[in-house]
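You will see chain A twice below: alongside chain B first, and alongside chain C after that.
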Partner chain A sequence: MSSTYFSAYVAVISARYRGLLQYRAAAFAGFVTQLFWGCIKIMIMFAFFAASDEPQPMSIVEVVSYIWLGQAMLGMLPWSIDKDIEAMIRSGDVSYELVRPLDLYTFWFCRTIALRTATTTLRAIPMVIFAMIGLPLVGAVDWALLPPADLITFLAFVISLGCALMLACAFTMLMHVVLVWTISGEGLNRFIPAIVNVFSGMIVPLPLFPDWMQGFLEWQPFRGLVDVPFRIYTGNIPLGSAAPDVALQLLWAAVFIWLGRRMLTGSMRRMVVQGG
Partner chain B sequence: MAQIIVEGLSKFFQVAERRPGLWGAVSGLLRRDHRSVAALQDVSFEINAGELVGYIGPNGAGKSTTIKILSGILVPTAGRCEVRGRVPWLERHQHVADIGVVFGQRSQLWWDLPVMESFDLLRDIYRVPASEYRDTRDQLIAEMSIEPLLATPVRQLSLGQRMRCDLVASLLHCPSILFLDEPTIGLDAVSRLALRHFIRRINRERGTTIILTTHDMDDIEALCERVIVIGRGTILSDGPLAGLREQLDPERRMKVELVNDERFDVEHARVISREGTMLQLSFDPRRITTPELIRRISESHEVRDLLVEYPPIEELIAKLYADSADSKPAVIEPSA
Partner chain C sequence: MDSTRSPEGARGGFAENVALYGRYISISIMSQMQYKLSFLLAVVSQLLVTSLGVLGIWVMFSRFGSLGGWGLHEVLVFYGLVNVAFAIADALATGFDRFGSEYIRQGGFDRLLLRPRSVSLQLLGHELALRRLGGFTQGLIVLTWGLGHLDVPFDPATLLFTLYIIGCAVCLFLAIFILQATLSFWTVESIELMNTMTYGGVEASQYPMSIYEPWFRHFFTFVVPLACVTYFPVLVLLGRDDPVGTSRWFQMLCPLAGPIFLMVSIQVFERLGVRYYTSTGS
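For the complex of A and B:
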């Protein structure tokens, strides 16, 4: 495996990334929406914390930072599919993907990395600036996103976020592979986001769920998307005990990649390119 | 040695069938009848390096299926297929690095990127060395005159512009074989001519083997010395266009415009249609030579204008298809 082997895939990521960066209006609209929801979520959380005297598994300060990170990184969640891949499968243009000297799974995985990161960068940067710098400036210190405690925490967060990206892409790829079978992405697009949003901790931080659910929540794959990296960031997961959680992220990513590859190979073998 | 060898190639598709009506829809949920449909049946041919072969047939005849098997996308049900000594679907990576493919109804360019960036991306995908890529690219761009389009995102190109760019894209890695699946479909006359000119040039100057499927008989007439006709999954004819003509319909056509609207009766000339003084004649050159017929016509009639032509190739092909629709396919031996 020489560097040229990878350069093809790197070129795919960068080309797709550039293509997706063009959609500035969508990014701006997304930013405003996320901002709005972020404020509402924080108000609800303040109300919850004010209504209870019991000690909570997360402090309100941690929860606020967690919410802002979630609003910034929303695009990274596997809640959507690559419209181009869907169109290619539907129209039969997928033929062209098969006459390239590339491994199809890796090829599409690269496209997926671009999909998950391009929209996210466009929204995350202004969101972080707003929540970390903008809010304290206007006096809303309680509402602000706090920087991580120290550099090591930040590095641990970056590593965990990278693992979350792999996990998100691996899961998005599973959706793409299913698409090869079902042709239409409508069903998936309605069904998957609901599950992902709840079980990743995007709607309500997972530690705030009832105790009897914790055993299940801790092991399920979607936790690696949001819960693990964000709680590492806020310090809710202490650095010393972060390793097993990151390992869990990688484990689930590996499982999804293995499964996606197997299913893709299987479906390619019996593929009938539409319109042929 | 042949560059492409196809021997006894067959491809069957499983098609789920549903009985009509509501009951059919409901019972289809529980049990589906599968029917095996033959897209290709026992197809054999060989193509040598540097040939430009027309591969024609009606819709659903198996043209695209053949192209897809040859390009490694589909796996055949039975038969042997080798392209430059490789089995396409077994050694897909090495195989596809050496072929170029254009599907006329699809685009291989990236929708939201400028044309040039799609080209650069293909350079990386095919791992073409930088200097080699620059030379090939600039040469192709000049030959196809797409220079002004390079900065335009693909989604803003017209069909003709897009197809010209697509053709260039398929050649950037200097493939030794090029598959063109209906490249002229939907194009206007000017784009068609430009494309034809380019295809001929690639074939002559680079020695690229080209297999062209099309419904446009003018494409075939302008480009291909050899034509393979396929219908209902089997090969109906394989040979030079002239040979196909001779075997199927040796007759020539003559358009005659008379000065006077008068009775027309000349031996060996059959009147196909007549509109006033305009006559469409058909004659067999083996019975009467063209000069002799012209002499006889001018002797007995006053002629204003006269034009001799081949019957349109569409008619030949239609005849071939009609023959094949009879229970036993009329397999025509390739002419030498």
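For the complex of A and C:
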């Protein structure tokens, strides 16, 4: 019984993933845009680092790799929602979803996994190849994304990235649920991505924020999306002390999943389906 | 009546066009004001979103102190100016921005061609996006904040020169939007690439151009003359010499590249694009 349930969810992920992989032209345009953006960011960072001789909490080499990873994994951040789910909520077709013999939260969570991974795969692979191999080939060695120090670091990065994906999906689910609660959650969903952007470390790597803010920055949930996996990759978080950070990622993911489930169940109980 | 039907009058006189644009815009504003709360939320959320962008700049300055000889307040002037100009252009150019999706793909362009008025005028009249007020206000606050903390005299000359820069920058951004619309005669996809010129251009010119690599700077000076409407004239405003070594005359006159670029792009749009256009027929 439970295994057929499980395979149904796997089917949801893979069908949706393959569907989203079709948008290749858009992905190419996205790749060029992210590349351009990455170049601007790197030049700005070079200029800032040139201004100061003091040792910084993060070296410019680490920052450059951090920026490229960020450009590659952009699609994984929870700053958009599933357009189909949004349309269903708007039109009321969401009631059909309730008829399916699946758990709604898990069903949507699976769709969200596909949403967060498909666009990311299409953009991340060319970006990583270009930043790691292409840039040194054209002579921009300083600009290149460096490979991780060793295999264990890479594995730790992959694990942490998996946790970041769970966290991102759990948070995207919260955005979906907010939309079920109130359609005017639209305004909220426009503002949230900006918060995510700043506090994940996407705009400026978190270690570069003022020291007095670090206490807060270390505990807040969005750090698990970008800052933790990327700093593990660059070695800025040493392997020995990576475990608590990964645990924090999982903790926040669990909190968001719990919250999202509760809110979804609550709103489904109150939902009135109009006939016709 | 007759004059509008004769070939010369087909595009209308100047005063008539201005009146028509005014009418388009007043209708657009009225329709946006139908949903006051939603409008207010959009403005406020945009204000907050753009404010977080400044947070990034502040973080970097609090960590590093300066940027290649530039201080925080000087960078804020660059930031404020380009964002004010972009917000205005973005508000004006909604019709061009959505040209590919709404007019070409859905065939609405045929309707515009049937009317005896300039296509560009009708597209400009598509909407005046008031929700851009958020970005505009935020840019203006940052600009005055930056200028207020610098030794820039607050007099009519400064004000006029600032308006001159903003006007020219608006022209340039409008031109980019129009070129983007022109591109959609050929392809409705890959419009995202043009975002590197608009949003990417804004991002780049939030910082003084002198910090960038020469190839990048040259691209934004000679290909898409964004530096001409932001970086160079702001040097005059701030009373600073160019680390790259351009003359004051050049810095004062180069913003005119904006209006020139705009005139060229309108010509390209109306002649090349419209001639190429074949309706989808739907």
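FYI, the second predicted complex is superposed on the first by the 265 of 276 C-alpha atoms of A that agree within 3 Å, B and C clash if a C-alpha of one lies under 4 Å from a C-alpha of the other, contacts with A are read in each partner's own complex, and residues count from 1 in each chain.
The working rule: a contact is a pair of C-beta atoms (placed from the backbone, for glycine too) under 8 Å apart; a residue touches a chain by one contact, two chains touch by 3 or more.
Not measured: the values here are computed from a predicted model.
Placing chain B and chain C on a common chain A by superposition gives a fit, with no clash between them. Once chain A of one complex is fitted onto chain A of the other, the partner contacts of A:Leu98 are limited to chain B, with no touch recorded for chain C.
After overlaying the two complexes on the shared chain, residue contacts for A:Gln56 are found with chain C alone; chain B is out of touch.
For the combined model, the angle formed at the CA centre of chain A by lines to the CA centres of chain B and chain C equals 90 degrees after rounding to the nearest 10.
In the superposed model, A:Phe28 makes contact with chain C only, not with chain B.
Legend: residue contacts after superposition of the two complexes on their common chain; A:Asn197 is shown touching chain C, with no touch to chain B. Using the contact criterion defined above for the overlaid structures, shared-chain residue A:Ile44 touches chain C, although it does not reach chain B. When the shared chain is aligned, no partner comes close enough to touch A:Leu155: not chain B, not chain C. After superposing the two complexes on chain A, the shortest C-alpha to C-alpha distance between chain B and chain C comes to 11 Å. Shared contact residues of chain A, touching chain B in one structure and chain C in the other, are absent. Across the complex, chain A meets chain C through its residues 25-26, 28-30, 32-33, 36-37, 39-40, 43-44, 47-52, 56, 184, 187, 190-191, 193-195, 197-198, 203-204, 208-210. Residues 38, 41-42, 45, 48-49, 52-53, 55-56, 59-60, 62-68, 189-193, 195-196, 200, 203-204, 207, 211-213, 216 of chain C are the ones touching chain A in the complex.
The touching residues of chain A, counted against chain B in their complex, run 4, 7-8, 10-12, 15-16, 18-20, 22, 84, 91-93, 95-96, 98-102, 269, 271-273, 275-276.
Residues of chain B that touch chain A in their complex: 13, 64-65, 68, 71-75, 92-94, 96-97, 99, 101, 103, 105-108, 110-113, 117-118, 120-121, 124-127.
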